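One structure is given below, represented as C-alpha cells, and several questions about it will come after.
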Amino acid sequence: MDVNKLLAKLHADLPSENTGIVASYIPELAHAQRDKFGVHAVTIDQREFSFGDYEEGFSIQSIAKVLSLTMAYQRENKDLWKRVGVEPSGTPFNSLIQLEQDMGIPRNPMNNSGALVICDILLDYLADPKKDLLAFVQSLTGDETIYFNERVAASERETSDRNRALIEFMRSFGNIRNGTERLLDFYCSLCSIEMNCRQLSRTFLFLANDGVSLSGERIVSISMTKRLNAIMQLCGLYDEAGEFAFRVGLPGKSGVGGGIVALLPRDYCVAVWSPPLNKKGNSHFGMAFLEGFTSQVGESIF
Amino acid sequence: MDVNKLLAKLHADLPSENTGIVASYIPELAHAQRDKFGVHAVTIDQREFSFGDYEEGFSIQSIAKVLSLTMAYQRENKDLWKRVGVEPSGTPFNSLIQLEQDMGIPRNPMNNSGALVICDILLDYLADPKKDLLAFVQSLTGDETIYFNERVAASERETSDRNRALIEFMRSFGNIRNGTERLLDFYCSLCSIEMNCRQLSRTFLFLANDGVSLSGERIVSISMTKRLNAIMQLCGLYDEAGEFAFRVGLPGKSGVGGGIVALLPRDYCVAVWSPPLNKKGNSHFGMAFLEGFTSQVGESIF
Amino acid sequence: MDVNKLLAKLHADLPSENTGIVASYIPELAHAQRDKFGVHAVTIDQREFSFGDYEEGFSIQSIAKVLSLTMAYQRENKDLWKRVGVEPSGTPFNSLIQLEQDMGIPRNPMNNSGALVICDILLDYLADPKKDLLAFVQSLTGDETIYFNERVAASERETSDRNRALIEFMRSFGNIRNGTERLLDFYCSLCSIEMNCRQLSRTFLFLANDGVSLSGERIVSISMTKRLNAIMQLCGLYDEAGEFAFRVGLPGKSGVGGGIVALLPRDYCVAVWSPPLNKKGNSHFGMAFLEGFTSQVGESIF
Amino acid sequence: MDVNKLLAKLHADLPSENTGIVASYIPELAHAQRDKFGVHAVTIDQREFSFGDYEEGFSIQSIAKVLSLTMAYQRENKDLWKRVGVEPSGTPFNSLIQLEQDMGIPRNPMNNSGALVICDILLDYLADPKKDLLAFVQSLTGDETIYFNERVAASERETSDRNRALIEFMRSFGNIRNGTERLLDFYCSLCSIEMNCRQLSRTFLFLANDGVSLSGERIVSISMTKRLNAIMQLCGLYDEAGEFAFRVGLPGKSGVGGGIVALLPRDYCVAVWSPPLNKKGNSHFGMAFLEGFTSQVGESIF
C-alpha cells in the first residue's frame, strides 16, 4: 500500500464543504485559515508519510496536556491519582458542575480542571517550569525549533476567567497549592506550544512505542505508557471520546487549534490538522479523516 | 508460561479479605455465596485455561446487554444510533438525570436506559423475542444448556420500579414504542441469563475473533466488532470504565452478579466471577484479578 | 374606588399583543381561545367584582393541587411532610433531576411529583376518591355545577408518560403506595376540574378567610391556612414564584389552562384567566394583570 | 400581652440541648459562645422588647446582604435585575452549579454569587465604598457605634477561595466588572458588620415601616420595600426559605453568625441571635424561637 497516496485520497474524499467553525474564544486562534489541512504519520520503525500542510505550525492547545501529564507521571506515580481521576466526565471540557459534586477532584487530566492540577503538581517539581517543560517537549524528538507562541499565550491569559474560576474553586477544596497567576501563566504557555503535524506525530511516537521516544530514550515504563493511552482513549476527546473510539478506534487527543493526534500501540502515530471544529470542539475534518484512515488501513486497537 | 498456574497464583495473590458487598437489591441475587471465585479464558485458537468455580453458573445480569446489543446491531446498523449514543455517561447506571438533559436519548447501550431502548428495538424485529434471544445466545457456543433463570427474572420484575420509571420517561420523549410490561418482561429475562465462566468466555469469544463465533459462524462484520469493543471499552463498567481501562486495559463488561468478561482483540477472551461488588457496582476481586492478569501477561490493547 | 372600573382599566392597559402561547401538550387544552380574558374578585365580606369572560369555564389544571393538598392536610397533619417538602425547587414543574438527588421526596406539593404523592395519600383515605374530591370542592362554595371535564381528563391520561415516570421513580424510593393507573386516573381527574373565574375565586376564599369557606364552614385551622398560603407563596408559580412574589406580592397558584388565583389574607381572593402562557408556563396576561392590580390597590402581603 | 415575658417564656420553652453547630469555616466565627441567646423586637411606633444577650454584638454576616442590596436598589432600579434574579435557588448558598446553567446570572441577591454582583454594582457608584456603606448602615438608626469587625473581615478574606471562584466564574460570563481583590475586600467588610440584636432589629425596621427608617428618613419607596421583603421571603434563608415561610411566616434573613432578622410589614421587626446552626446553615434556636413567637402572637403575613 502506498500510504502517501492513501492520505491524498482520503483527503480528496472529504466533503467539499466544511461545516465546522474555527475557535475564536481565544482571539489569537481566530486567525487560523479554515481551509488548511495537513497530516503526518510516523511508524515505530520510523517510516514517515504525509500530505498537505503538514509542515505548517499550529497551536496544539489541549494536545499538550498529554505532555504535561507525562512529565508529572514521571515524578509522581501514585499520589498523582489522588488529586485527579481517570474517568470520562460526560460533560464539556470546562464544566464546574462535576467538580462541585466530586469535591474538587477533576474527573481526568484531559479536561481543563485536571490539566490545571497537573500543572500545579509540576510547579512543585520544576526549577524553571516553562523552560523545563519546553526542554522536555523538545527532547522527545530532538527538535529544538518547537516553541511557545507568546502571542497565543498572552491571548489565552487575557481570556482565562473561567480557568481562574476553576483554580479558585479547586483551591477551596484544597486541591491547588500554587499562586493563581503563576499557575495560569504556566498553563497558558503549555497550551501555546506550536508544532506542525510532523513534529506532533514524532513527539507522540513514544506512546506508540511502549514508552521509548523517537530519539531512543525511555520516557515512561511500558505499564505507564499503557495507562497514558487508556486515559487518552477514554478522555482525550472530551465528551466525544465515545464517538472517537467508535468511529476511529485509537487512543487520541484533540486541541481547539484543530489538531488531533492518534496512535496505534506498537505500530504508528498520526497527527492531522484542520482548524474548523465541530460542536464538541474537535476538528471536524480531522475526525472524518481519521475515521476513513482506520477504516482503510483496517487496523484499530479493537 | 503455564496459564493455569498463573490463574491459580493470581487468585492466591488476592487480599485475604474481600471488602465488597454482594448485590441484594434483586432479592434472588442476595443468595450468591460471597467466597465463590471462578475464572476461565479461551483463545481464538481455542486453547482454554481455568481456575476455581469456573463451572458453576451465575446470573450474568448486565453482561447480557452486549448480547442484545449485538442482535439489534445485526438488524439496524444506522438507525440504532439515533436512539442511543456511544458516550460514557459519568453517572451511575440507573440515573435519570442525564436522560432529562439529553431529551430521552440514553448516553450508551450499556446502562439501563440504553439497554431498555435496545430491547424495545428487538421487540419490533423478533417473532418470539425471549425464545429468539435465547436461541441466539446458545448459537454463539452451540451450548443449549444456557438458560433464563426464571426465579431471578421474576425477582427482577418485582423490583423494577426504577426501570419502569426509565421506560415511561423515555416514552415521554418518544424513544420507547412497546408496552411497558412486555418490554420489562423481555429485559428481565435478558438479565436473568445464567452461565458459568467457561460458557461466558466462549460466548464472548466472537468479539475477540473479529466477529466470528466459537462455532465458526460470522456474527457481525469486523468493523461492527471493533465498534462493539469500543462501546465496551468506553462504557462497559459504568462510571468505573476509566479505572478499568487504566488498570486492566481491555474492553469488558460487568454485571451485578459479580461476573466480568474482558477480551484482547485477535487473541483471547476471559471471564471471571466473584460476587462481592465494589462501590461502583463491579466485582471487587474480578477487577483486581484482571488487573493482575494483564500486568503479568503484559498485554492489553494499549 | 370603583373596583369594577379598575378591573376594566387594568385590562385596557395590557399590551395589544399577547406574546404567550396556549398550552398544547395536553391536546384538549389546545382548543382554548387565546383572546379570552376574565377576572373575578371576592372579599371576605363577600363583595364581588368582575370583568370580561369571568363566567366562562376553563380547565383549572394545577390550581387544583391546592385543593387536594388541603384535603390531605385535613387528614394527615404531620406525616404528610415526611413524604413531601415545602421548599421551592428552582427547576421546572415536571423535572426528575431533583427527585433523584432528594431520594424520591418531592420538594413541594405544587409540582407534579408532589401533587402525585398527595393524591397517593388521599387514595388511602377516601372511600370513593373522585366522588369525594368533587364533593369537597363543591362544598367550598356550595356550587354543585363544578365538574370534572372528562374529555380533558382522558386527554391528560393519554399524555401521561412523564407522570408515569415520576410515579414509578418515586415508587422505587418507596414514596408511592397505590397502583399506577389508579393513581393517574385520580390525578388526571383532579387536574381536569373546570371552573370559571367566579367559581375559582369563591372556592379559594377560605385561604383569605383564615380557613373558613364562603359557605361559613371551617375547612382548616388558622395555622394550617397560613401554612397553605406560605406554600403557595413559595412554590405556587413553579420556577417563577420569586418573580410573582416580587411583582405581585400575593400567595397564588397558576395552571396551564391559563388561570391564576391569588389572595390577600384577611381581605380578598382574585382569579384571573387568559390562556396564553409565558415561558415558565404561567398565564402571560394573568401575571401582568395581577401586577397592575396590586400596584393600583397598593396592597400586598409585604 | 406582656411581650417581654413572652420572649422569656419562649426562650424557656426551647429544648434543653442545642443540636446545632457553631460555624467554623471562617475561623474567627468559631470563637462564638454556643450558649449565647438574645432577642430584640421593635415596632413601627417604636415600642421595644427584649430578652437575654440582646446587647451583645455578633457578626451579622449574610444578613448584611439585604443592606447592600438596598443601597444598590436605590441607585439602579431596573438594570439591577438584569444582572441578578429574584428566584429561590433550591441549592446551597455557595453553589456554582446553577450559575453554570444560568450563564453567570445568580438566581437571587441573597446567595453569595448574587451578593457579589450587588457589591460589584456598588463599587461603580460609591466614591469610598467601605466608608459609604458603613455610613449608610449607621444612618438607618443613627447609631455610629456600628462597625466592621476587622478581624472577622481579615479571617473571611483568608478563606475566600470559593468566593474567588464565584467571581471569576461570573466574570467569564461578563457579569463582574471590578477587580477581584477589590471586590472581595468590599464583600468581606460587608459581611463583617457587627451589631447586637437591638441594633439589628432597629436597622431593619424600615422594611417593616414601608421604607421609612427608625430615624424617620425614607430609604426606599413603598413599592421597593415590598419587593425587598418579597426577596427576603423567597430567598432569605437559603434552601430553607420554604421551611421558614411555613413555620414562621415572615420575610427574614439569616447569617452564619447565628443571627436571624424577621419582620411583619407595617407592624414590627425582630432580631434573634443564637450561634449554633442547623444543617442548612441557619440558627437552630433562632428558627425555633421565631416559630414559637409567630405562633403565640398569632400573626404572620399569611
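As written, the chains take the letters A, B, C and D, and residue 1 is the first residue of each chain.
To be clear about the criterion, contacts are C-beta pairs under 8 Å (C-beta built on N, C-alpha and C of every residue); 3 or more make two chains touch, one makes a residue touch a chain.
This is a predicted model, so every value here is computed, not measured.
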item: Any chain in contact with chain B as well as chain C; value: none
item: Most distant chain from chain D, judged by the mean position of its C-alpha atoms; value: B
item: Chain centre separation in whole Å, for chain D relative to chain A (CA means); value: 47
item: Chain centre separation in whole Å, for chain D relative to chain B (CA means); value: 54
item: Distance from the mean Cα position of chain D to that of chain C, given in whole angstrom; value: 32
item: Interface hub residues of chain C, defined as touching at least two other chains; value: none
item: Pairs of chains, among all present, that meet the touch criterion; value: A-B, A-D, B-C, C-D
item: Residues of chain A that touch chain B when the two form their complex; value: 85-91, 98, 107-108, 222-223, 225-227, 229-231, 233-235, 239-243, 245-246, 249, 251, 265, 295, 298, 300-302
item: Contact footprint of chain C on chain B as seen in their complex; value: 95-97, 100, 161-162, 164-169, 171-172
